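The following pair of complexes shares a single chain, chain A, combined with chain B in the former and chain C in the latter.
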Partner chain A sequence: MFYLSIFFQYAAQYLKTRMTYRGDLVVEIFSDLLFQAVNLIFILVVFGHTALLAGWSREEIIFIYGFFLVPYAIFSAFFNIWDFNDRYIVKGEMDRVLTRPIHSLFQIIIERMELESLFGVITGLAIMFYAGSQLGLELSWYDPFVFILMVIGGAFIYAGIFICLASISFWSDSKTDIMPMMYNIGNYGRYPVDIYNNVIRFVLTWILPFAFVGVYPAAFFLGRTEWYTYAFLTPVMGVVFLSIAYFLWNAGVKRYRGAGN
Partner chain B sequence: MANLSMYGEMIRIRFLMMLAYRTNYYSGILIYSINIGAYYFLWQAIYGSQETLGGLSVMQMTTYVAIAWMARAFYFNNIDREIAQEIQEGKVAIEMIRPYHYLAVKTMQGLGEGLFRLLFFSVPGMFIIWLAFPIDFSNSLNVWALFFISIIFSFIVNTQINLITGILTFFLLYNTGLIRAKRVVIDLFSGLLLPISFYPIWAQDIMMFLPFQAISYIPSMIFTEGFTGAEVYSALGIQLFWALFLIIPIQFLWVIAKKQLIIQGG
Partner chain C sequence: MNVIEVNKLRKEFKSYSSRSGLKGAFRDLFTRNYKVLRAVDDISLQIKEGEMVGYIGENGAGKSTTIKMLTGILTPTAGEVRVNGMDPHREREKFVRTIGVVFGQRSQLWWDIAVQESFRLLKKVYKVSDEDYNTHMKEVIETLEIEPLLDKPVRKLSLGQRMRCELAAALIHNPPLLFLDEPTIGLDVLVKMKIRAFLKEINKKYKTTILLTTHDLADIEALCDRVVLLDEGKIIYDGRLDELQKNWVEGKQVHFEFQELVEVSSLEELSKDFDVKWRPGERKNQWVATVEGDDDAVSRLMSQVMLKHAISDVKINQVSTEEIIRNIYEEGIIHG
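Take a look at the complex of A and B:
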């Protein structure tokens, strides 16, 4: 309960600060839309040159992209820790975080949230419904529930990977450009994994399991039965990766000695 | 000439700063390789059984992807974000009274960073990728020389666009949205994600009038020999044009910005 009330207080505070610079907020939501449009344009341009991508049609790929946007929006609204190293370790801000009466990871999450990213949920749903109607997909009564489960799983996977990467900073406080690059690798989970060779497929499934935030769960809604096993693993992978991240983070915090002045 | 050595020092210091943190760059190379590898297979699937798309063969496309990302390590920098942050924290007030040109200093720091990544990231990274994937390196010295001239222009144009974005913080005060929008626009219109020749003709016509092609498309096309003969020189001409032309808005914005500077604390 305490955590929940802190969360809402931070959220209220956050909205106030964002409302101060209203112009920028509009630009930011617009730039998010632009970013989503860019990926859509990529798919459209590519399918201007080919009819099928490893047996998947344009609408199916667009559907996968629409699905991806939903967990991704939740992830980017709450787990904005890609610059954790710079912002907290190098500048010594972590010392302040550790004096707070709540879990350090939670403190950072609520400090760094970007609620406007949640707009992506709407875009994602719109894209899914558009592609779904083009494909003539039927909606069953259990689909929304499965969908929520898959989305939570996907968001957990993303969060887990990025928290793990942020935790590395506790061991080595040097700068790294890995995080921005990770966002790029995340994109590859949106394409049917059978186009990749075994190494990359393995990486995208078990090591950096971005395929669970795209093609696997979306395959369920597309009725691609051959991927059902993977699709149902999505929530499991989410819980596993977030737990790993949580333990790694705690171990890191224990080791943290402070770097600022 | 004391001036020039001062800026030289800026490059050197930023370079050494990056050097102190070099270990993590090796993991960066691995991640870059996975990225390029995934792209490679994606393009293989897109080509399917087709020989050429958008005037490039599969082999040229792979090379294009690899070189586009490796060149990006050189021209890419975050000086727009640095400028925005210094304005927000009020540090820019101190920077303005120091005996140097603030924008030139930022450019030099960006160059120091770029040179570091070129030597410790792009070169070894390119070697690893060359081992792992079928990439076609030109054996003509001429192509390499023209490519290097071209990525210098990439750096200049990209940095100029970053400076413009950064200076706009003076007017907007809070600028993360615009910085993000700029990055997206550059990824799409510069030819990093897709060679411009893949777009529908009407879109290509628009992009030809924008400075972004000078950042990624032109050097990558020179390297993959997608441009040949006179095409190369006219492409370099386009880069030169934008490198000179963009000085005008920068100078203009800078003069106004200095006049209406608001320090937000500090």
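Take a look at the complex of A and C:
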């Protein structure tokens, strides 16, 4: 597979470059860890006042957070397109991308990867195992496979949403604050959707389906059978959103007008 | 065989303007005011294998826009393009394997990594075999004298060094067709000459077809037999460079340097029997006369002028290409 081999070529080059600035790498991983710790403390503080949140216990919420970290880590490692408008449209870097014989979206993914974000997978797994053992969860033989499927689905949803947003730049290159806003909305998916009102729940399920990156798939592992339908929709939603994003992107590239000097 | 085949190619850019005030912003939501700028206006062009064509025109004439359509970066608004037998935009990924592109103002190379690492990645991207790479690139690297630069990161290179590396990078897959948009911009004469010599060599050796835009007409004079002149998106001349020189002005330029201040009216008065145009020269009291006609006319004009005004220096020149092109732009159409 040509694309796979190119991916490894770029990844190898990336690691080589990163290793020359090892200090930066450590600082970055450390600040990620700190950020995740702050999020955990926030959950603990909220549960300092109540034992249950809409029927979910503290350990369950921590488990959901742990799960969320895994697809999010994969998304952050490979889909750094939050600055696509500035970097590729306004500065015209897209010109260069379009003169190379690889799909333009794939090129941007491999050019902008930040593999150190994958460290979040380990943190997420650790948190899940901790919360899982507190809850006395059993691990079945099929759980790892379902987990991988759910993680891929979740990462696809994140990727799909952000690729759609980046594609908008092909139609309008005016500056918007939509990207940082979307990162905030993404965080809502880590909490059980039944704590929100119906409108927000609907949006988080069908419009900006971040609930599929956290609470829904995690509900499967928590044995919350009432959410199983949603849990198993996760990979489907992932494929649907990534496909929409892919078509939108291709349509956008046809409209690319370059940076007019 | 035509490598480039362009028929009535057009590119328009819509630029939106927003209305003022809250009411205006609200109306903008529904209908937006826009202007259409036709950057490339129905051009037709054929380029054969092995040709080196100079694509020239003033800033904003539409050169880069044309090149971006020919390389598959931009979708044309109307018209047909076939390059290397393919539709550049529609078959982009397959098509770009058959071309090389250099944009003078933009880097193709990775900023932070050593030049040879960039080359190595591009070699994979273009699926170049070790064997082809070794024989072909070794030569390119030697001719462009970039061997000592290979282990430096691009950001540490000077513009001239970077440009030579860019050129090498565009040739990794030894493409039969090369697009160069202002490859010599900002370079010193020595580097320019190196690049020209190199382009000549690959054109001779591999019959590489080259389309290049430049601000420096010396590039064109050194490299291209054929020029295409663009003005406001339209082709106003397409033909041999020497024809352009021959047809446009037969006459000569005479540079007069007078000893005292001279009014243009007095010069025009005493040369009213000649087909001549006067313009101020670069130095003080210097005037340049562009005379049409034979040598006799030139010598008669000179004696007329010298009878009337004291001269400190006089020079006769062939009209330069630059001058010709300036005239074409000032007067519009070609005569002759």
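Here is the rule we go by: the second predicted complex is superposed on the first by the 260 of 261 C-alpha atoms of A that agree within 3 Å, B and C clash if a C-alpha of one lies under 4 Å from a C-alpha of the other, contacts with A are read in each partner's own complex, and residues count from 1 in each chain.
In this text, a contact is a pair of C-beta atoms (placed from the backbone, for glycine too) under 8 Å apart; a residue touches a chain by one contact, two chains touch by 3 or more.
It should be emphasised that the depicted structure is a prediction, and the values quoted were computed from it without experimental measurement.
S.K.: Looking at the overlay, does A:Leu149 come into contact with chain B only (first), chain C only (second), both, or neither?
M.R.: In the superposed model, A:Leu149 contacts neither chain B nor chain C.
S.K.: Which partner does A:Ile244 reach: the first (chain B), the second (chain C), both, or neither?
M.R.: Neither: A:Ile244 stays clear of chain B and chain C.
S.K.: So, does A:Asn197 touch the first partner chain B, the second partner chain C, both, or neither?
M.R.: A:Asn197 sits against chain B, while chain C stays out of touch.
S.K.: On chain A, which partner touches more residues: chain B or chain C?
M.R.: Higher number of touched chain A residues: B.
S.K.: Could you say whether A:His49 touches chain B, chain C, both of them, or neither, answering first, second, both or neither?
M.R.: After superposing on A, A:His49 lies in contact with chain B but is clear of chain C.
S.K.: Look at A:Val26 in the shared chain and tell me whether it touches chain B only, chain C only, both, or neither; answer first, second, both or neither.
M.R.: After superposing on A, A:Val26 lies in contact with chain B but is clear of chain C.
S.K.: Looking at the complex, which residues from chain A come into contact with chain C?
M.R.: Chain A residues touching chain C: 2, 5-6, 9-10, 13, 16-17, 92-96, 98-103, 254-258, 260-261.
S.K.: Could you list, by residue number, the parts of chain A that touch chain B in their complex?
M.R.: Residues 20-21, 23-32, 34-35, 38, 41-42, 45-46, 48-50, 52-54, 172, 174-178, 181-182, 184-185, 188, 191, 195-197, 199-200, 203-204 of chain A touch chain B in their complex.
S.K.: Under the touch definition given earlier, write down the residues of chain B that touch chain A in their complex.
M.R.: 18, 20-21, 23-25, 27-28, 31-32, 34-35, 37-38, 41-42, 44-48, 50, 53-54, 172-178, 180-181, 184-185, 187-188, 193-194, 198-200
S.K.: Considering only the defined contacts, which chain C positions touch chain A in the complex?
M.R.: Interface residues on the chain C side: 13, 64-65, 68, 71-75, 89, 92-94, 96-97, 99, 101, 103, 106-108, 112-113, 117, 121, 124-127.
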